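Accompanying notes for the structure given below.
The letters A, B, C and D name the chains in turn, as written, and every chain counts its residues from 1.
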Amino acid sequence: MVEKQINIGWSKTEMAQNVAMDIPDGSYVNLGIGMPEMVADFVPEGRELIYQTENGLLGMGAVPMAGQEDPELINAGKKPVTTIPGACFFHHADSFTMIRGGHIDVCVLGAMQISKNGDLANWSTGAANAIPAVGGAMDLVAGVKRILVITQHNTKDGKAKILNQCSYPLTGKGVVESIYTNLAIIDVKDEGLYVRKLGPNVDFEYLQKHTEAKLYQ
Amino acid sequence: MVEKQINIGWSKTEMAQNVAMDIPDGSYVNLGIGMPEMVADFVPEGRELIYQTENGLLGMGAVPMAGQEDPELINAGKKPVTTIPGACFFHHADSFTMIRGGHIDVCVLGAMQISKNGDLANWSTGAANAIPAVGGAMDLVAGVKRILVITQHNTKDGKAKILNQCSYPLTGKGVVESIYTNLAIIDVKDEGLYVRKLGPNVDFEYLQKHTEAKLYQ
Amino acid sequence: MINKTVQSLAEAVQNIHDGATIMISGFGEAGSPIELIHALIDQGAKDLTVVSNNTGSGNVGLAALIEQRRVKKMICSFPRTANSTVFPELYNAGEIELELVPQGTLAERIRAGGAGIPAFYTPASVNTPLAKGKECRVFDGIEYVLEKGIKADFSLVKCELADRYGNLTYHATARNFGPIMCTAAKTSIVQARKIVEAGAIDPEIVVTPGIFVNHIIEVSKPANESELVSQKLTYPW
Amino acid sequence: MINKTVQSLAEAVQNIHDGATIMISGFGEAGSPIELIHALIDQGAKDLTVVSNNTGSGNVGLAALIEQRRVKKMICSFPRTANSTVFPELYNAGEIELELVPQGTLAERIRAGGAGIPAFYTPASVNTPLAKGKECRVFDGIEYVLEKGIKADFSLVKCELADRYGNLTYHATARNFGPIMCTAAKTSIVQARKIVEAGAIDPEIVVTPGIFVNHIIEVSKPANESELVSQKLTYPW
């Protein structure tokens, strides 16, 4: 059976590679916490991207060597980072001037749910007992020019994440440009969700079966 | 005749002294262009005031020595200044954060007209052919904690400047705390204009005669 | 002579009153004024409203203040963090209020409070539960939500260098909310790694102009929150 | 490799189009990018809306641009200055429009434009002719007026140091409107006294982060407007 075949779709690193390919040279980029952070490892040669982290650093560099960490030089995920030559620090209001003001070219985010019209839900399940925590996600989706989502195509228990309508509270309405999953790259257009590329050993029918929203080719 | 007597009221330097006496140690002060600038020369010994100029300097010092002027180190009147040790530079939005946000303790301004309820007109005569120019005056009167006005009591052609109502376009409504003229120091209170001090050889009757608005003792 | 330096942490926080609104700098542990927070715990003020991006971790700093039941309400963007258990427990028990604000809106509301702007429109949170009950308005075809400036009675901030006027510099991403919180509080209380002579900080590189600062205390070797947490320490010790 | 440096003033301003809105830094002559303005005069774009605190002096820089009838509208706080005759004459002749804005409101409108804030409330100008026709609203018992953010197509800015990423520092009170104008323009064009290697500017002291800057040109010995004016020079020379 198709579901049991081993090499269906892309690995996480391939997903990150797919996203990285779509970010042009010279872009200012904000990477969300988790899988989005992997994108930085796969920037094609010859391209220079500048990473912004909303806690006040433009020109974020690689992870520091062990023992070189500075607990006050961290990223939005609160992990130690470094600076590139040409970096700068700034306070939170200036940081969100960059974000809200449309100065960041690309933001890569994870997702819990995405709707067919590009609504994104990635901050809360809305469960009664969950502690709600939003961080900068709503500002990012409202302000950054291009919102790219990187996510497993389905939830761990096999449910669709790409839906007709999000059931979780929204992060933003109609904000997602493209979705990079293990099964496909999907563009959100005015007319619907268009499959740009299928993952290895994924066919359209299989993809549609694992997607609630209608897909177009 | 009283009008012809020579030593009626205060000189300009005495007026500036009167204002300086009313500014407590440690105050952050913005001085308007012209006569207000003189106040800095008469700060009583033992007091330290910090001068802000809205074009981006906190800790403005004295006039530079001849030949030491820097055309890019100027005050709001566009005249060369210096900095004190402990000064800092900032951009215009941060400068008006200080002003509008209520962080400046005292602003000393000139006036064309002041009304009995503390309205100030100091930016335009409203004449059809005049080029209107407002600068930072409206932000200063709206934001600074105490607005002190230093002005000749009457216009050059002898007209009252302290009126029941300003005829010129307002800078701000009900903003003036005290008025320092050559003839008197007058406090604006909810109940009206109260004379706090009369100038040398000025009596109340004389003062009232040169003032349109009713004065109280 | 203007000199905003005080001689002890206790003196720095002595005037904080019950019911005060307090802004506390920091993003995670970076920029968190942990020694000032501990002095506040010792000082005793209660029924506090705290504005801070997170809710602290472990049982020290802001988390310890919350654990001592001294905070009635948190205004923040991200109350969950690694090793943060104190806030979630009290929140689920209904013993602490939460006003959740998107991070950029939180920053802008603080800046607005400091800049004399009572309210502004922002696109963040439109069409989400966080905009519920708030005025929405369209400008040039895009929908925005009205958000109000926040002011505080006090701010507790950590910086790098300070002079007697209160001019401040910061270190790396510990800058975060410090500069805007200094502008938005009636009284800003700052712990500096080093207090230097007036004039020792180049006027071109001052980040927080002294006008926004009231009290400075030197804490030359501030603790790292994460180290205290990994040692499982609880304040008061 | 990102490199925002261009090789000539002409190249720096080449894309400015007729009808563009242009922000020009400077408070009087301090911070006025006089060489960029002269390049714009040479370049020929017309029907411009210019946002700048003043209107220039003598017959050089911004005053010369206005004298060449290239500016249809000025948005500024103080159009009269010492030695400024060009703007007053055209204004009285009805040949140039003026939108007069209080200086602090002008600064905040520019910052708002750059920060994605479409509109905000301010107390300045309430009960004056400059608030006429604008929405007023009471918050906590005080009356405020609604003001809108301003964006521009281009900004022309003078700075001190720049690197290839567009990180900038400024000199003294020449900083004034430069940093906020860089944020509010689609394309920010900056003349720097010196272009330095990436990394030569300490990340702690960058005033304008490079993200706000598009083109940089080195002008190592910029003219002083007041000297040109005292020599009674007129541009084009």
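Throughout what follows, a residue touches a chain if its C-beta (ideal position, glycine included) is under 8 Å from a C-beta of that chain, and two chains touch if they have at least 3 such contacts.
These numbers were taken from a predicted model, which means no experiment stands behind them.
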Exercise for the section: Could you run down the chains that neighbour subunit B and subunit D together? Expected result: C
Practice task
Tell me which of A-C and A-D has more C-beta pairs in contact.
Solution key: A-C
Completion exercise
Chain centres from averaged Cα atoms put subunit B and subunit C apart, in whole Å, by 36
Practice task
Go ahead and note the Å separation of the Cα centroids belonging to subunit A and subunit C.
Solution key: 29
Practice task
Would you pick out the residues of subunit A that each touch at least 2 other chains?
Solution key: 57, 89-90, 93, 96, 99-100, 142-143
Exercise for the section: Send over the residues of subunit C in touch with two or more other chains. Expected result: 108, 111, 115-117, 122-123, 170-172, 203-204
Practice task
Check the chains against each other and report every pair that touches.
Solution key: A-C, A-D, B-C, B-D, C-D
Completion exercise
Contacts from subunit B onto subunit D in the complex sit at residues 53-57, 70-74, 78, 83, 89-93, 95-96, 99-100, 126, 129, 131-139, 142-143, 169-173
Practice task
State the interface residues of subunit D toward subunit C in the complex, per the touch definition above.
Solution key: 108, 112, 115-123, 139-140, 142, 144, 148, 169-172, 202-205
Fill in the blank from the handout: Listed in rising order, the residues of subunit C that touch subunit A in the complex are 27-31, 53, 77-82, 87-88, 91-92, 98, 100-108, 110-111, 122-130, 170-180, 207, 224-226
Practice task
Sort out for me which residues of subunit A touch subunit D in the complex.
Solution key: 25-26, 28, 48, 50, 52, 57-59, 83-90, 93-94, 96-104, 142-143
Completion exercise
Listed in rising order, the residues of subunit D that touch subunit A in the complex are 1-2, 111, 113-117, 163-165, 167, 183, 197-199, 201, 203-204, 206, 209-212
